[in-house]
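Here come two complexes built around chain A, the first alongside chain B, the second alongside chain C.
Moving on, here comes the complex of A and B:
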């Protein structure tokens, strides 16, 4: 059976004032796989995610989802197709309660469309959203904190909340941008365990600059350096690559 | 406020305005009520959606002129006229929305101001033939059944009912997923797009709704005064609603009501005791912005000893 390519880029380049943060990247993601992207700080990993998820259009090149060109489709439209991401700096809504954070994601992924009168006029907590949000929070171990103000959560808990938020959107591709950044060792273990637990349900791409953390998690590793993809393959293979060793450790 | 009191809030609001009556005349109290409707409309885009407008008088004015013109040219029935004014003001909001809601911060404030100025110019000069220009024009409404709005007590009752309806509607709107969406847009609009929502459409909707409610308050003002002048669309008066919202506490229905009443009281009484009271208003505004952002209602809710974690309110 040929594996289907779910997400693909062809020669994508992003320039900021002439500086190429991402440069001519050809990338293919197979459905159901877990892939990693590593590279030093400033390599262009986050910018590449931004191009995949529609934060901004590329300067050149195309992005394809299941073979269809989505280069000009804005972020919200890509989420509708199942392309969901988290952010390097945790991005949840501090001014809301923890469970309020999940309401819109749950509705977006549900059957009900977001232009109905209910969306505008019905109490957000009158239907099945309390149960759904409790379930989603249970998955990440935040059930007891459902009614907390999000600003009162620890950074690690906010990270878990952000992952819950992403899961509520029922991703077909989930892109995690440095999900361990800023977490304590204990929290890293918890989040790793969480990702292991849920990743079977979708295709996963994970950015990390510490290689050791994700070698067991991913079946394929891509290395970015100065905006370019410089190596790709099975983790062990890639880590043995002289060019990669040069970039990472300054020696082949 | 405890959850029990919160459930009967509409009754409590009605009671509070009835309690104002012994201190004020009917017409004055009605004025307070109408201003509260205006503050509520402003709060939807400022307190909840987080967009500060310097031109909200445009929509109050649209309502005020629409109700008058409708009464004169189409039907003097006050209900139909008010209904028309709401629709007309919302239509103006819907028309300008696509341009306005793309912006944030200073650009949003100033584009609103610019449109407000255009509106002011239109009624003052360009369409002076129809609007009476600087002199304005009187509005005459018919009696409908047993309701005669010439009677200030009847009008008071009607306007109070309108305020309660607005509060109820705002409560529904702000506690719904849409309300949560607006508060999310206030905090981080980009993130909302990554939840799969085309934020533009919802901001547009909020803007048009807010415009309609502002038009509602403009129309009621004309019922109360019987006369429309360009002061109802005067850009200089935008500061009033901003101030009221800040005093009471933005992002809360109760805060808007407190702000509306307190501002009206200040602007009614301060001038009799203090000449150049606007200067004190200015200092008050500075104090609010730098030291007291949560407003009176925000401060009161923070004091509550057994405050449940509140959902459904921005701030």
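Moving on, here comes the complex of A and C:
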């Protein structure tokens, strides 16, 4: 059933002190697709992700996952259902080692891993964690840096680690918030290639400011502007939309 | 002089036991918890009850008093602190200060306002460098150092410790790993409260037990937290002993200025290392 809707919002609105950062958004994500969300700075893209992931509840509206209302389910509960995200500003833990970051990501991965049942950190390494973490680190190309302090990684490596953590959580929907922001050109190519490699395993939504980077990556594009979805469709179609051109380039 | 140093270390030890919970609560939950002083005062009063009403010896009485405070601390966490998440800092200050005031009035109502003196529970001195010190004070210092060691190992070696460390750094990122970080912060809050109660229990025989004892130490504890850095284990440890020493040394030469010096040190620290809240 390729047409099944995995994630949906109905009229979600988020107001901060009366200011509507997200306003009446109806959004549908089909299982297995790769979708993009673009829009100028301050359009409400990150806030929309926060509503999808349950970082805070919407002021109005509902969020549905495979048809079930998850509006009141907190962020950690949604991760358990497979809704996983990364942040616009890389969010890995500088005060831990790379491997300790992975331990945290594997706590919720289930009882089959040693982590959830262990008290001491050292004991966590006794199960299949070494293989799992090596696997995840191998996927993103950080295997040699497992014992590094995270604070010593480059920003690009931190982004790759963040994606490795997300992969450990076995996402059914992965939401990437501007994964290329702050990376060098070389790193952008590496992360793009990484996303291409892993995206077959889940439904993907990617927020990006620069349209050109994700046109090849996504099959559907949504445009946000001032908290509203103003256009949606195939990338070429959307980019030809006069309203979108007006918002992006100031002319139709 | 050595007497002054031991006095300073004793105060430092008590300050550490008292402040570490405050520091961790601030660092993790971003809440300035004035009710911490109530937990401390309650610990001291529960000690009085355990000693006088239940007739227990000091060690069992101290244990009973510390443990008996935990349900109260859990109630404060569940019904007050948890509702303050995401609210502004000053809102939390007002709410927890109200809890402190109400609690202190309750204590006055139940136990009266008259200070209750307690005697040194060990009542033995030991000789050191040819000077004799109350063994009780030396034991407080040793206990504070062991508690610090225990907490250090907890944060360094256990998975729960790592969750808390990560949560101190970025709470939302921990939530996004599917971890109910508030639950772990609640554990930290309980441990910190238990230590505050223990601090009240340990300090009671040195001063005296009265309803306002919490107010006295609260501001000094805030100074410790600010000087040591919020949420920092080692920082709180060092700041406790440094400020304990400041109190002891200033007190030796000019008693009334002892506490004022603490705030002077805090002011200097704030000038060179402004708070980022």
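What we mean here is this: the second predicted complex is superposed on the first by the 238 of 252 C-alpha atoms of A that agree within 3 Å, B and C clash if a C-alpha of one lies under 4 Å from a C-alpha of the other, contacts with A are read in each partner's own complex, and residues count from 1 in each chain.
The working rule: a contact is a pair of C-beta atoms (placed from the backbone, for glycine too) under 8 Å apart; a residue touches a chain by one contact, two chains touch by 3 or more.
Because the structure is predicted, anything quoted here is derived from the model rather than measured.
*Asks:* For the three-chain model obtained by superposing on chain A, do chain B and chain C clash or fit?
*Replies:* With chain A as the common anchor, chain B and chain C collide in the superposed model.
*Asks:* In the superposed arrangement, does A:119 touch chain B (first), chain C (second), both or neither?
*Replies:* In the superposition, A:119 contacts both chain B and chain C.
*Asks:* Given the touch rule stated above, what does A:200 touch, chain B (first), chain C (second), both, or neither?
*Replies:* It touches nothing on chain B or chain C.
*Asks:* With the two complexes superposed on chain A, say which partner A:251 touches: chain B (first), chain C (second), both, or neither.
*Replies:* neither
*Asks:* Using the touch definition from the top, say if A:148 reaches chain B (first), chain C (second), both or neither.
*Replies:* Only chain B is touched by A:148; chain C is not.
*Asks:* Among 4-12, 94-102 or 148-156, which stretch of chain B shows C-alpha clashes with chain C in the combined arrangement?
*Replies:* So the stretch of chain B that bumps into chain C is 94-102.
*Asks:* Using the superposition on A, tell me which residues of chain A are in contact with chain B and, in the other complex, with chain C.
*Replies:* 53, 55, 74-76, 79-80, 84-85, 87, 91, 93-96, 100, 103-105, 107-108, 118-122, 124, 165, 169
*Asks:* Which of the residues in chain B come into contact with chain A in the complex?
*Replies:* Against chain A, the touching part of chain B is residues 172-173, 175-181, 183-184, 186-188, 190-199, 205, 309, 311-312, 314-315.
*Asks:* Which stretch or stretches of chain A touch chain B in the complex?
*Replies:* Within the complex, chain A contacts chain B at residues 53, 55, 74-77, 79-80, 84-85, 87, 91, 93-97, 100, 103-105, 107-108, 114, 118-125, 147-149, 165, 169.
*Asks:* List the residues on chain C that touch chain A in their complex, please.
*Replies:* Those residues of chain C that touch chain A are 157-163, 165-166, 168-170, 172-181.
*Asks:* Which stretch or stretches of chain A touch chain C in the complex?
*Replies:* Touching chain C from chain A are residues 53, 55, 74-76, 79-80, 84-85, 87, 91-96, 100-101, 103-105, 107-108, 115, 118-122, 124, 165, 169.
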